[in-house]
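Worksheet: one structure, shown below.
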Amino acid sequence: MISIGLLGAGRIGQIHGRNIAQSPRARLVAIADPMPDGARSLSEATGAPVRTPDEILADPSIDAILIGTPTDTHADYIDKAAKSGKAVFCEKPVDLNSARIRKTLERVEKAGIPLMIGFNRRFDPNFAALQRRLADGTAGNVELVTILSRDPGPPPVSYIERSGGLFRDMMIHDFDMARFLLGEDAVEVFALGSALVDPAIGKAGDVDTAAVVLKTASGKICQISNSRRATYGYDQRIEVHGSKGLLSAGNVHETTVTFAGERGISADPVQNFFLERYAAAYRHEIDAFIDALVTGRKPKPDGVDGLKAQMMADAATKSRETGKPVKIG
Amino acid sequence: MISIGLLGAGRIGQIHGRNIAQSPRARLVAIADPMPDGARSLSEATGAPVRTPDEILADPSIDAILIGTPTDTHADYIDKAAKSGKAVFCEKPVDLNSARIRKTLERVEKAGIPLMIGFNRRFDPNFAALQRRLADGTAGNVELVTILSRDPGPPPVSYIERSGGLFRDMMIHDFDMARFLLGEDAVEVFALGSALVDPAIGKAGDVDTAAVVLKTASGKICQISNSRRATYGYDQRIEVHGSKGLLSAGNVHETTVTFAGERGISADPVQNFFLERYAAAYRHEIDAFIDALVTGRKPKPDGVDGLKAQMMADAATKSRETGKPVKIG
Amino acid sequence: MISIGLLGAGRIGQIHGRNIAQSPRARLVAIADPMPDGARSLSEATGAPVRTPDEILADPSIDAILIGTPTDTHADYIDKAAKSGKAVFCEKPVDLNSARIRKTLERVEKAGIPLMIGFNRRFDPNFAALQRRLADGTAGNVELVTILSRDPGPPPVSYIERSGGLFRDMMIHDFDMARFLLGEDAVEVFALGSALVDPAIGKAGDVDTAAVVLKTASGKICQISNSRRATYGYDQRIEVHGSKGLLSAGNVHETTVTFAGERGISADPVQNFFLERYAAAYRHEIDAFIDALVTGRKPKPDGVDGLKAQMMADAATKSRETGKPVKIG
Amino acid sequence: MISIGLLGAGRIGQIHGRNIAQSPRARLVAIADPMPDGARSLSEATGAPVRTPDEILADPSIDAILIGTPTDTHADYIDKAAKSGKAVFCEKPVDLNSARIRKTLERVEKAGIPLMIGFNRRFDPNFAALQRRLADGTAGNVELVTILSRDPGPPPVSYIERSGGLFRDMMIHDFDMARFLLGEDAVEVFALGSALVDPAIGKAGDVDTAAVVLKTASGKICQISNSRRATYGYDQRIEVHGSKGLLSAGNVHETTVTFAGERGISADPVQNFFLERYAAAYRHEIDAFIDALVTGRKPKPDGVDGLKAQMMADAATKSRETGKPVKIG
């Protein structure tokens, strides 16, 4: 049984905490959060006591920590966990600054602790199944990847201002997905962006609508598009065009119900909320983390995956700002 | 908190037991099963102790029992629960004999205990959503209902011999669904059946392929078809043609992945196993049972629903045997 | 080049006339219709002269006639064509009376003229493709056929009164389709029907909503349902459940356009009008007729197919009226 | 009746010639082609005589010419038609050289002749329906357009060498579609391309796999991707993400038949050949040309549309070669 302490009992921490508590191979042994309400409700639901982060990090009986705190605390907590020899599952990103990420990854490396980054979409049953079929050769060689991600609605401008921008905050998931599907690193990126959804986002220096093209060293191409607002729900689709055919993974609908009436045929909407859309992905990624700790295998995606996605986001941000293609790394 | 004792820790009891254990409003407090392995594994997973059925029925601290034992024990256990004043959730059917069901329902009525019958499909998110839209008038007046149910493969002939026949064992779910969707009782049924999948099923006096038409007093029509074998998985579809349009609920696929290649476009198969296909339905029906006990509302579907579906199955069986339409009830 | 004279330049005659005129292997050489407008407009479009039916039947240079006149004239025209040795394409049905059909088929047989009946749906590209895949063994042995046909709206009651009833006027197409797909004749039919769409149809002694089950000698089962009104268009679907899988053919939509918005995902409606839905089928059936005449092969579906569908419709009508299953033939 | 002479009776000329011949508002009055076989077969099918291009251009009784000859002859023929005052329908492109196009357009302008360019996809029923719904405001303001075009297989390298490259030969259709959907001109393009399908295409200096991003002055974004080889057929899809929702138009399948078997659910492949896929589009564009001549309205898309798509292709070609974004126009 793996003993796991949770740092951060907000929206995503609540999900992870419950998933840990329900695992037959792990126990949630402590919860820390500066907001007492979140910590308490999760404590009641799981039986795990509320403690401070320092207590958790200092407790030698705790094998691993899950970091679901605000982004600017991630690297510090990883550093501390490295010092105390604990395995870490950290929500993306490690940091908004690539140099800072590198420094932390060196410490992780030196300490030899397992570090897994929460790119949950790799664990979505649909995307994971697509990737497995890609890996087994169904579609032949990958040539052209298309990733479409659209959120139901933009976050508050106050959040956007501290977010690092759309490419680091939202498209970073797609950059990781691009690496997951391309099977090699992109070497160059060109990005376009506009503030079409809300001019206030533009005033804050960010964009809400963006398209990116990437190229790998061997010439594979990937296009990604993002919008901060889709009236029809949480739109998350990928397709991979390969030498043997096209693999696609579409949206998940609320139900299979359709209605045919005077005004045409209508299907139930797609799942609208990322916690619902990716509920299974969250379960599976925690299970993968626990599995890595139990078996001693290196968890995946790891710190390097986190760093590389961040570097792609940095390059895309720079490309959008300069209007020029930017080399990655 | 509702205290529930489980009678029967087989395939379906394991599901129900775990769902009870995870409910915030109920506790699984005891497990009984003649097969020690099933009871023990569920006990380990949930912490509920293994006891005998008599101990469970006699324990005044237990509010309700869930009956997931073999069919021929259902009515007896309900009778005993009625005597001891416990609420009952009973897997369908109450009994294969309608007269026996009636007698038990009288005892339930006299004792005033809540009785819910496990017609799980009413709680499938897809079928439940369809029925809600029917109820809110989306499709207008119901005119023509089509229900298609096909199992991945037939059960062993030894099971079929004791099953009461396809209409009572398999199509009974569809009869309940017909009532759920028609909004009124069928008054007449005509049934055709053949043993096309396996001649041994025919030798055992049963059929493996069947079609039924039903009519209600007001003239609504329902057609049901069953096959014991679908190569492509567990096929469960309904459509309701009404005065304002057509509501349909289709199959649930493993994933949203499709592959387009030289040989056409292919989708992932439909979910193949009823415990997987109806996993959410099982959760929701247990939640509905607990909700009824907590709020004091009568649970639904109840014993009368169980009886009426059984009477439809009896009539269909007789129709198939005599080659004539049969009045119901 | 096959010379074809057209009897009847109404809605369906206009279609056939134009399709003949565009064939590279046939010429439309004469048009007859008591209504001068229809004949004239088709004559202008195709260049074929307007003549009387008797002139057409008497003209030895005309190889074949296409009969698209009112039903009660079909048998007489076939008889006359048999006398004058002309090939015949006749819109379904040959007659509403099976005895009359038999008499005409005897004359056709004796005269040795080719006779093709216009069951256009066999030539629909979708249904034809399904049947070809059935014939090549894709789905294994046929076990259970489901045919759903729903019209956008009912014809005038005045039409219904002379139509022979829903089973002979509308479901006859589905009876022919059942034979096309089952690969053997049905031996028994049970029919239910109601007037739910329009009570006036019930007062006229007919039904507007109906379901039928059929069984063949070897135990194959077919279910058919009809409604005279579908708010969402012309609904024409078939599925064949076989020992190796399920073949389905769905509706044809106006376009592939879908819209995802706040109220869900909606597709363009299905094609609403039978002349549009079956435009390709009409072309292909005329081509098959011409092909049969050019190659000397017997055209299909022939008079016996017409008779057998009529006998099924008769039996279904009787079943609906008596409330009992009826043997066919 | 509009009298039209056809220059070029190759693959596409045969289609246009037959469509003209079947129009009730136009006559095909002459056919010219250096290859006698093509001209003769079309002449036999339509009755139009074979003549030389000069005879056609000199004949004052001919109202319009349709140019379906090799690309390098287009501009000359348009110039000659302008001199003789004939309307012109010209297959895309007017020329591979934008300067040459400009010169010809000046002559067209001066002569005042109607000129329509054969961007057939605007007339595809699916894409046309999507654009109409865009124009009526269904999707709100356009923000993000995605166009995916993939050919079943690459043309011979000998063709590619003379084609002007993928962006001018293949993606030009998508550039026109982008303008059709964006409702304003793109001001900048960035293009990536690789030779992944066939290295010989790369040796010839071209690419077979490409992705482009475009931006308009108001910030709308469009992404286009092309591949010269799709194992699954002719893949032509568009989607428009707007402030009110997402409009999509998908591929056209051969039939609606699906098969569900042990290996999943498979649909019939998409239409594989552009002449089949766009058969309706070819009919509708000729009809639009004839309609413009009959009504005296300016035909659309016109020479300027042709020029602008060509300028986009030029800019994309330059972007791909220089690795930098390129301003358009």
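Going by the order they are written in, the chains are A, B, C and D; count residues from 1 in each one.
The working rule: a contact is a pair of C-beta atoms (placed from the backbone, for glycine too) under 8 Å apart; a residue touches a chain by one contact, two chains touch by 3 or more.
Which chain is which protein? Per UniProt: A, B, C, D = Inositol 2-dehydrogenase.
From a predicted model like this one, the values you see are computed outputs, not experimental measurements.
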If a chain touches chain B and chain C alike, it appears here: A, D
Most distant chain from chain C, judged by the mean position of its C-alpha atoms: A
Result of counting contacting C-beta pairs for A-B and A-D, higher pair: A-D
Cα-centroid distance, chain A relative to chain B, in whole angstrom: 40
For chain B paired with chain D, centre-to-centre distance based on mean C-alpha positions, whole Å: 57
Chain D, residues touching no fewer than two other chains: 230-232, 235, 244-246, 260-262, 268
Partner chain D, residues of chain C touching it in the complex: 22, 24, 45, 125-126, 129-130, 133, 138-139, 244-252, 254-262, 268
Chain A residues touching chain C - in the complex, by the definition given at the top: 230-233, 235, 253, 260-270
For the chain B and chain C complex, residues of the former touching the latter: 141, 143-144, 146, 148, 150, 190, 192-197, 209-213, 215, 219-223, 225, 227, 229-232, 235, 241, 243-246, 323-325
